[in-house]
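Shared between the two complexes below is chain A, which pairs with chain B and chain C, respectively.
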Partner chain A sequence: MKNKLFKYILLIPALVLIASTTIYPLMRSFWISLHDWDLKESLTIGPFVGIDNYVRAFSDSQFWNSILVTLIFTVSTVLITLALSIAVALLLSKEKRHLSFLRAVLIIPFAMSPALVGYSWRFMLNPDYGLFDKIIGFFIPPLADIVWLGTPQTAMIALVSVVVWIWLPFMSLMFISGLMGVPREVFEAAQVDGASSFQTLFRITIPMLRPIILIASILMVMFTLKAFDPIVTLTQGGPGDSTEVLNFFIYKTGFRFFDMGYSSALGYILAMITVGFVIIYMRRLAKGDDWN
Partner chain B sequence: MKGKAAVLVTILILVMSTMVSGCSNSTDSGNTSESDKSLKGQTVKVLLSAGDVGQFNAWKARSKEFTKKTGIKVKFIETPYENLLENITADGVALGGAYDIVAHPDTMGSSIKQFLEPLDNYIKRDDFDLSRWPDAYLDLSTFNGSVYSLPVRAHVQMLFYRKDIFDRLGLNPPKNWSELEKVSKRITEKTDLYGIVPYYGAGKNGQNLYMWTSYLWSNGGGIFDKNYKPIFNNNEGIEATKRYIDLLVKDKVAPPGSVTFGEQDSRTYFKQGKAAMWLGWWWVYSEFNDSKSSAKDVVGNVAFTSVPGWKGKQSRTNVSTFPLGIMKGSKHKEAAWEFLKWLSKPDLELNIVKDSLTDKSPSDQHSPVITQKGNLRNKQLNELSNGFYNVAADSLGNARTLPKIKEWPKIADILSSAISKMATGKPVKPVLDDAAKEVEQLMKKSGYYD
Partner chain C sequence: MNKVVDLDKREKGFNLRMLSSTIESLAVILVVLFLFLPILWIVITAFKPAHEVYTTSVFFQATLDNFKAIFSPSFNLGKYYSNSLIVVFVTLVITIPVSILASYSLSRFRIPGKQVFMFAILATQFIPLIVNVIPFFIMFRNWRLLDTTIALIIVNLGHTIPYAIWLIKGFIDRIPPDMEEAATIDGANRIEVIWHILLPLARPGIITATVFCFVITWNEFMFALILTSQKAVTLPVALSHFIGEKGVIWNQMAAAGIIFVLPTIIFMLLVRKQFILGMTSGGIK
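Let's look at the complex of A and B:
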């Protein structure tokens, strides 16, 4: 009996840590989301309003704008990142000496702080002295005069490109390890049977990578939904509100407008969207041994 | 299995209840009176916005005199301007005492006043004279009749221009917006500089509103009527906004990048010598003429004039303060008040500026900021600065301030976003109408029309 209790006592420090950093803030923010709390008015939580803050979101045009922006941003970022990272993985998954060096170099963009990446890209995209702007202008002269962060479409393209740039190395490494784990015999058999490279890719490689694609896409959706630093440092949601994703809208509502109840409710809506997506995706796509 | 789960749940509940009780106790701290304690040896922590601001650097250098005199140490903490609100909020909500004094733009005042200590009792007790500052400045520090901060840093807008370029082309500084457009076109055509560099970028705490309001107010327009109904989309508002946006969209006398620029980006552009005019706060004047921060062509060639208006109408510009207030959670309020009193001394700001103009102080401590009425018309100062402070004092007489209501941060965001949209080429009237509708809904919800 003593032994049984002892293991639970050992769990206490971890539980204290999780409770203080995760469970308590979660419960507290849910409680706040059920109240009308304007921090400009009072330091204490205001009156209980039930689910009013949740209902309010659905009649808020800014909320719907941020949902649309989030959808465009997430779908584009996830699809482009996955496609490019599979392509990079196919190029770098061979067991050659110089490729192992390239694989190590590949991780560098991922090792940089997202805020630093955002600021650096803001400079590089500057129409007057930006390096990237000059390079693009040199190779594709018609694009030389584009102010990348100056129109809704180009700002979104720039934002998606930067987030893809951040996550591409990590995702590529996931696919590289997946590809290197596929038995060579399968490819040799396909070669013997006369399969073309195209057929090998779509009939063998991608189906065999299915479990990794599944995990990578779930992770990528979650990473993209919570992307914050690149938006703050690169576009601040602009021009207008064309790159104002839900995450940034929540931050503005809470920490710029001090509407804490509504901001907490929006936070929960984002969490529900993320969890909902993961559950639906897993149910639809994860069948049987995909996870094994 | 059930037993194990029960033990885990019990431990979790115990942990949670300990935390909840711990948290509720912590909010009562920070209310002890300090009047009976000696202030010597205490450290006052002052939160400032980062950016190598001359006036802040001068405060830092001169605070040694204060420490020598009072024994109170002063520690300056800097944070990027964009993070100022978050830092003040985080410490304010927790009553943590991480900062004793915080500098903040006046537009934040209505949002953060509940984190600040009202100064009325200190002012009354020490017979502190507030009339040294213009009423417009003091008004921005006053909420519900209580003074929450002291306007030791304040700005008036001015138009800065490249004298060498104007002389070379035989141009006179513009007195109204149509003259500004004319000289801008001429400069853009005849030189490799843009005529003017505005800042239309969204966000950044509504920086893109200040130049717009100069156009709006000087055309007889406004943001609200006396009943707080939005009127910025009336005829005057549309006319003023079109003119402001057309600098970039139609006349193309502004650099294409200005659509994303914040105030700092546009200032940098001017300092690099790529534009001939810049409209903004006066405090940057010393930066423009500092060889460490401006290009060779720019230094010594920047002159100033009042902000233009509409032909036949009076010019109306912005005034903005960056006051200092004491945090409610401060553990050293008395020491903080002593420091604020010292910072407010008329001689201190006068000497900082005089030493800047006569190059007695290092260039990183140069500051043109004068806030006190007695100093603005100071004869010696105006002689040293070619009448800079007389021009500023004249502008101050016609200046207006942004609304001081608690809904302002949200309204500023709506307007800032609308300006940014129009600068990308969206038509002015529909965008302003949408913004007005949004603002009206917000004000209605806040009970302004009941």
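Let's look at the complex of A and C:
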């Protein structure tokens, strides 16, 4: 009897805190999303409008723009990060001393604050005195006169590069720990059987990394959909609204225009997109029996 | 004849291997440059005198002026630093014990709906945090808690506790319960079992969770941007104060940035191995 009570007592503090800091605000913002509420005009919640805020999103061209931007940003960031981190992991997972040192310091970029990273890249992409701008101009002269954060396409390229930079070390470390767990005999056997390096890569290494690839891609999609700091510090959604991802559009609606109802509804749309993706993805994982 | 062909083949193989190892080394150098050049440049900029900042030169008289400037009363980095420290410290002091108790309970006892609960707290993290901030902003405004460290601590807890429970539970799951059972038979009470047996065994997991929560709270930007304006501003938001009407004071921002990221880098390096282990195995299991 005492046992039964004890296990719940241990859980209570966590339950109370999660309920009050997460569950309650989530329910509250859903309630707000069903109301019309301009915080500039009224301090109390406005009239109940049902799903009007959600309907409004579908006829809002800015919303559709942010969906398109989010799609481009997420797909390119996730694919590039995954491909590069597998490549980096293959390069760094050999037993050499200088590589083991590199693996040790690989976590440093990940520990950096994304806000600081965003500002620093803005500094380094400056067309007058930026280091990156100079380096790119030196190696690829036709690109020398580009103002990286000044045109829609190049600003998106810059934003994707920054987010890839932020997540590449962590993702690489995940793949490295996966690769170094594969027994060496597997690769030796493949070599003895006369497999080329390409065959080994695509027939053995990548299939073995499959579970990690699946988890890494789900994590990356989540992280990218939630990305906020790099956008605020690097592009502010600009130029125009060319890098205005949905998460930033929600922030702008809520805390620059103070349209709380609409902003909450947009937040729930983003939440549904994320959770929908996760559920579909997990289903596929469960079917493929890669989970567990 | 046969021999010649063989030799030819081997030489070709040798050249190919040389070529591929050269390409490999070049690729490693490229990776290092891509990842570490920006950091190196921040460090260099932090030591540059003001008139050298807007050039790409690397030959200059290094100076500590930037560090002096950011700690002077006009910028007051000390205040932002102490705000950040308070938020992180209180958040961790609440998060870690609460999460240890919950993870122990979830790991060792049969609790109805356990799987659902574990998935639910993970699912709360799928939801973009901005959805949480909207009602909090309004509540804090009504309670006059905007621009206080208390507000930041409250919102951060909703973020750190789920992660900490997942990480610590993953570690406790891997500890066999034999020792705890033996201690119980020897007459130790439940609190003693947790304190003397479980805590030492689960230490790697607890350290990992602590560092992880430290890093996300220390670097947390969105809550601070929305909920603070002056008094409770933390370091990531304080960086934007170097953007003035006359332009950006990059050298001072770089100096502040270095002081800001130093603790996270040190902590991360200390627990690197366990951190990766915790993240990957927690996910795969």
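The rule we apply is simple: the second predicted complex is superposed on the first by the 286 of 292 C-alpha atoms of A that agree within 3 Å, B and C clash if a C-alpha of one lies under 4 Å from a C-alpha of the other, contacts with A are read in each partner's own complex, and residues count from 1 in each chain.
In this text, a contact is a pair of C-beta atoms (placed from the backbone, for glycine too) under 8 Å apart; a residue touches a chain by one contact, two chains touch by 3 or more.
Fair warning: this is a prediction, and the values are worked out from it, not measured in the lab.
In the superposition on chain A, A:G150 makes contact with chain B only, while chain C stays out of contact range. In the superposed pair of complexes, A:K134 makes contact with chain C only, with no contact to chain B. Within the superposed three-chain model, A:V75 lies out of touch with both chain B and chain C [touch as defined at top].
In the superposed model, A:S177 makes contact with chain C only, not with chain B.
Legend: residue contacts after superposition of the two complexes on their common chain; A:G240 is shown touching chain B, with no touch to chain C.
When chain A is checked against chain B and against chain C, the one touching more of its residues turns out to be C. In the superposition on chain A, A:A189 contacts neither chain B nor chain C.
When both complexes are overlaid on chain A, the residue A:I250 reaches chain C alone and has no touch with chain B. Once the two complexes are overlaid on the shared chain, A:I212 sits against chain C while remaining clear of chain B. By the touch criterion stated above, A:S42 is placed in contact with chain B alone, chain C being left untouched.
Residues 8, 11, 15, 23-24, 39, 128, 232, 255 of chain A are contacted both by chain B in one complex and by chain C in the other.
Chain contact summary for the complex, chain A toward chain C: residues 3, 6-8, 10-11, 13-15, 17-18, 21-26, 28-29, 32, 39, 87-88, 91-92, 99, 102, 104-117, 119-121, 123-124, 128-131, 134, 165, 168-169, 173-174, 177-178, 197, 211-212, 215, 219, 222, 225-226, 228-229, 232-233, 247, 250-251, 254-255, 260, 263-264, 267-268, 270-271, 274-275, 278.
Contact residues on chain B toward chain A in their complex (touch as defined above): 7-8, 11-12, 15-16, 19-20, 82, 85-86, 89, 92-93, 95, 110-111, 114-115, 201-204, 255-257, 259-260, 269, 274, 406, 409-410, 413, 417-418, 420-421, 423-426, 438. Contacts from chain A toward chain B in the complex involve residues 5, 8, 11-12, 15-16, 19-20, 23-24, 27, 38-43, 61, 126-128, 145, 147, 149-152, 232, 236-241, 252, 255-259. Those residues of chain C that touch chain A in the complex are listed here as 20, 24, 27-28, 31-32, 34-39, 41-42, 45, 53-56, 94, 98-99, 101-102, 104-106, 108-109, 111, 121, 123-138, 154-155, 157-158, 161-162, 165, 190, 215, 218-219, 221-222, 225-226, 235-237, 239-240, 248, 250, 253-254, 257, 260-261, 264-265, 267-269, 272, 275-277, 279-280, 283-284.
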